[in-house]
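Pasting a structure here, questions to come.
Naming follows writing order (A, B, C and D), and every chain is counted from residue 1.
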Amino acid sequence: MRDPGRGLRILLLPALPVLLVATWWLTTADSTNFFWPPLEQILRTFGETWFTGRFTADVLPSLARLLVGYLVAVALGVGLGTEIGSWRTLRALVEPVLEFFRAIPAPVLVPILMLFAGIGNEMKVLVIVSGCVWPVLLNTVEGVRALDEVLRDTARCYRLRPRSRLVHLVLRGASPQIAAGARQALSIGIILMVISEMFAASNGVGFTIIQFQRSFAIPQMWTGIIMLGLIGVVLSVIFRAVESRALSWYTGLRMSQRTKG
Amino acid sequence: MRGRDEGRRRPLPVWLLGLIGLAGFVAILELVPRAGLVDERFLPPFSDMLSALAAQAGTAEFWQALLETLRGWAIGLSVAMAAGVVLGILIGGIPLLRAAMTSTIEFLRPIPSVALIPLAVLLFGTDMRSTLLLVVYAAFWQVLVQVLYGVRDVDPVARETARSYRFSPLTQVRTVIWPTALPYVMTGFRLGAAVALILEITGELIIGSPGLGRQIAVAQTSGAVASMYALVIVVGLVGVVVNVIARAGERRSLRWHPSIRTEVP
Amino acid sequence: MTTTPIGATALLDVRDLRKVYSGGSRSVEAVRNLTFSIAPGELVCIVGPSGAGKTTLLRCVAGLLNSTAGEVVLDGEKVTGPPRGMAVVFQEYGRSLFPWMTVRQNVELPLKEKKVPKAERRRLVEQALEAVGLADVHNAHPWQLSGGMQQRVAIARAVAYEPHILLMDEPFAAVDAQTRADLEDLVRTLWRRLGVTVLFVTHDIDESVYLGQRVIVLSNSPTVVLEEVAVDLPDDRDQLTTRSLPRFAELRAHVYELIQRAKRGDRPAG
Amino acid sequence: MIRFRVAMAAASVLFLAACGGGQAGPSGAPAAGASSGPTSVKVSVIPIVDVAPIYLGVEQGFFEEEGLKLELAPAQGGAAIVPAVVSGQVEFGFSNLTSLVIARSKGLPLKVVAPGAGSTGEQGKDFGGVVVKADSPLKSAADLVGKRVAVNTLGNINDTTVRASIRAAGGDPKNVNFVELAFPDMLAALEAGNVDAVQIVEPFLATALKNGDRVIASNYVDAAPGLTIAGYFTSEQTATAKPDLVKRFTAAMQKSLKYATDNPDAARKVLLTYTKIDSALTGSLTLPTFPAEINTKSLETLIQLALQDGLIQTAPNVNELLP
């Protein structure tokens, strides 16, 4: 089978989603099941649920916490990862402890984090940081370790200063791995945004969904799930746009390596 | 880097340094509450956690819970692997299908698995299947995406060759696609294994399906702080073991494979 | 046969260099005892059988590797790390260029590090790229170029840096034969035009005779200098005429014979 | 945008529906009165002090006597239990009554079949209350106005009853900042000064008192005399389809409740089998009462409170909720 043409491709892109939505719409159209309300009802509820004040009261605070936590995690992960990746002794020293912490699911860490960070926004940001930092950190370590030997030698021969070495060699060289880690971290971050709002929260998307669920406001709960999905999709689209700009060289390099065989 | 790595003296072996690191961590855990930096009621010293762990290890309930967690993890991961590999090869191997599925995959993948908790509970209540659903959902994407990358990485020349010799689709998969995709599959396995474990514990903790997570929740609601930390430590250790096994598997499959790859986002 | 310049005037002095690799309980002596020197402005080739520790030697000279004993003195200063005023062209052209930078940025980066003013930098980069015949690919990324062109970028980077000494580690081992001839001529031209000192490591006997004023032949590992051969060919060389000179054939045969001896394990007496 | 959202959600549903394909129907298949051995019944409970009687009942064989083989499925909260009962995954569930009131007012077909736990009715000596630090300036529920008070779930029985306490003490119940915290995290938050007061239940109440913390209000006592806090419930479908099963479960449950009331030491002891409460603590904690009947008047009060505090918009019919 040949690669489908561009026209067909564009035609196919929305085909499956449309089919799926139609199926959902039709199968639930006259649903009387309390937990599976008709899609029509869910969509009607969506606007009034989220765009009558909740967007600024719940969605924005959630996103703000996510953004802060995520950026802190990336900065921390890249910073520590660069150091740990550069020093063999440090790496050997902390690796088992890091692996141990990474394996602990964030929800069980929340009570401990509350001891140190209270119950306010700091705690929630810290929960996000505590989960997001690992993929960034471990990928950065791998990326820094995998830096090309010849390139390192080149940098030494031309006597790059530590700062330029870091900027032009280490960080750029490890950037494909860092991006891979940052991408994993983003999906973890959204999960933790929700989880952190299950504890001591008074606003947020996660908090709202749980409240809907507890008070049996089922159509509203569904809209919350859709909202979360939307947030996930939008953030992932933004991430991809940033990534493809920053890593265009890498994509090109890989392509040229493949065609040169 | 190189200069830094080449110490003057002969460096200590890696495992010894790792042990020293762990010992340091344990020492901090012991000393912070003892020194009164944190209230012992909320963060007991490590020795208390250890004795709680010893007490736990003597109960059948603990081993039962451990077994249930591992079982849930293994089943969830197997389902996710099977589904991810089969669908990945199918979708990746048929361009038309790939074009049709791409948008849907990109829409579904970012949906956070915890958003499904209410749904899982609606479907299966608090039994093991609720958590299984979360585990499968979360691990499935990790595997699928890696397999898709792997299939895309297949050398077009090798593929054309296979086609020109009129290999059957199954033979093409076996001789051309699978060997190239295998290292990616193993990476997917490793990433999926880690995510599956986290979701297994999270599900048990939040939904209350049987396993270590629920034991943690019970310990929490009973105010048994030392027991709770003991269980958290067990969870961490299980995670470390899972990761070590997954990495070993990955290395084995990579050893004969010539390509040096980086993890695909 | 030796034409070692007098110690005082040497730009590069390698004295009793020894390198032992120790990994765990095993240790391997790669270089046993190497002594030679290079005068300012000279173009010296080093050949040896494969596995003769050529790369080890070059890395020690470049300050990328610490020697076990002996010393490398460049410009009167003992080399402990990569010295000032030195440029290296590696064999792996694809890996020595920063793939995230354009050709121009690659050539410019070392100059920025040397704090060369912007206008001067611009001039040097353009000149260097012009000199290697790459005036029109400034904004391409290295991986968009062919292997030979990538190695030209690496040479341009070294040239723009205006080094006192240029080390080349089998730079043309991985390019095709035609490109290789072009690049050899390019190195000769640049050397003559810039008056830079060049230490050129190769495993190719023809190449060493064609390029060098002097060829240092190494023994097999653990390495010592087997013989230094002065190349008394005219300075104006070109692929066709030089290579067909009887003297070229003689020198080539001599070096060839030395390499054969080295492979058999012959070592200089004493 | 709309396409995106719809697409995702639809696909997620399909995915889930596919996973749910093998969903098992309700267990306990044999019809009531079948002679072929005991009927197995699943009951979803929260592993807390309140459900001691059902564990005791199993231990004492009360359910077996009624021909029931109980399978107790612990869950993390009413939010997980209600759907399980409605969908028929489990026959019975345990929940606080306010949750059930909310569910019923939203149209979920639930029916309470047996009482679960109630307040002791003694001011300051209940199994739950509002606690402050020993050195706190707060003296009574009225002082909570404008303060941060932790409850384990917002919009549920605990915040409405704390509001009732404040109202009874003459304060403005609208003006309190409730913070949602899990019971296990409350004392640490109180200690750290993150909250000014916590509404807490056993065994954490005993821990708090041991530490010198003070009870300033007994919110369950203030809400209504003889308040029934929680109960066991089933779905209307189960109630209509298997009236005999429900009857036998209620009968066994009542025996269990009575036994727990008569043998508090046995009730304390059974805690050790399904919680991880320190055995040194079980002797000192205050047990809830295990009433034989649901106090209808107190249930009406709970409905009133829920209405007043905006938890529900329309009051459910009490008679529909009760058996």
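Basically, contacts are C-beta pairs under 8 Å (C-beta built on N, C-alpha and C of every residue); 3 or more make two chains touch, one makes a residue touch a chain.
Here the structure is a predicted model, which means the values were calculated and not measured.
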{"item": "Chain pair that, of all pairs, has the most C-beta pairs in contact", "value": "A-B"}
{"item": "From subunit C, the most remote chain by mean C-alpha position", "value": "D"}
{"item": "Separation of mean Cα positions, subunit B and subunit A [Å, integer]", "value": "17"}
{"item": "Length of the line joining the C-alpha centres of subunit A and subunit D, rounded to whole Å", "value": "36"}
{"item": "Centroid spacing, where centroids are CA-atom means, of subunit B and subunit C in whole angstrom", "value": "49"}
{"item": "Geometric centre distance via CA averages, subunit D-subunit C, whole Å", "value": "82"}
{"item": "Subunit B, residues touching no fewer than two other chains", "value": "2-3, 39, 42, 103-104, 107, 111, 116, 119, 122, 205-206, 220"}
{"item": "Where subunit C touches two or more other chains at once, by residue number", "value": "64, 81"}
{"item": "Touching two or more other chains - residues of subunit A", "value": "14, 16-17, 20, 35, 111, 115, 149, 153, 156, 213, 225, 229, 233"}
{"item": "Subunit D partner contacts - residues on subunit A that touch it in the complex", "value": "14, 16-18, 20-25, 34-35, 39, 42-43, 46, 111, 114-115, 118-120, 199-202, 207, 210-211, 213-218, 222, 225-226, 229-230, 233"}
{"item": "In the complex with subunit A, residue positions of subunit B that touch it", "value": "1-5, 7, 11-12, 14, 17-22, 24-25, 38-39, 42-43, 94-96, 99-104, 106-107, 109-116, 118-119, 122, 153, 155, 157, 191, 194, 197-199, 201-202, 205-206, 213, 216, 220, 232, 235-240, 242-243, 262-265"}
{"item": "Of all residues in subunit C, those that touch subunit A in their complex", "value": "59, 62-64, 81-82, 84, 86-88, 90, 92, 95-101, 109-110, 112-114, 141, 143-144, 157, 161"}
{"item": "In the complex, subunit B residues that touch subunit D", "value": "39, 41-42, 103-104, 107-108, 111, 116, 119, 121-127, 133, 136-137, 205-208, 214, 217-224, 227-228"}
{"item": "Residues on subunit A engaged by subunit B in the complex (per definition of touch)", "value": "1-4, 8-9, 12-17, 20, 35, 86-89, 92-97, 99-109, 111-112, 115-116, 139, 142-144, 146-147, 149, 152-153, 156, 176-177, 179-180, 183-184, 187, 190-191, 194-195, 198, 206, 209, 213, 221, 224-225, 228-229, 232-233, 235-236, 243, 258, 261"}
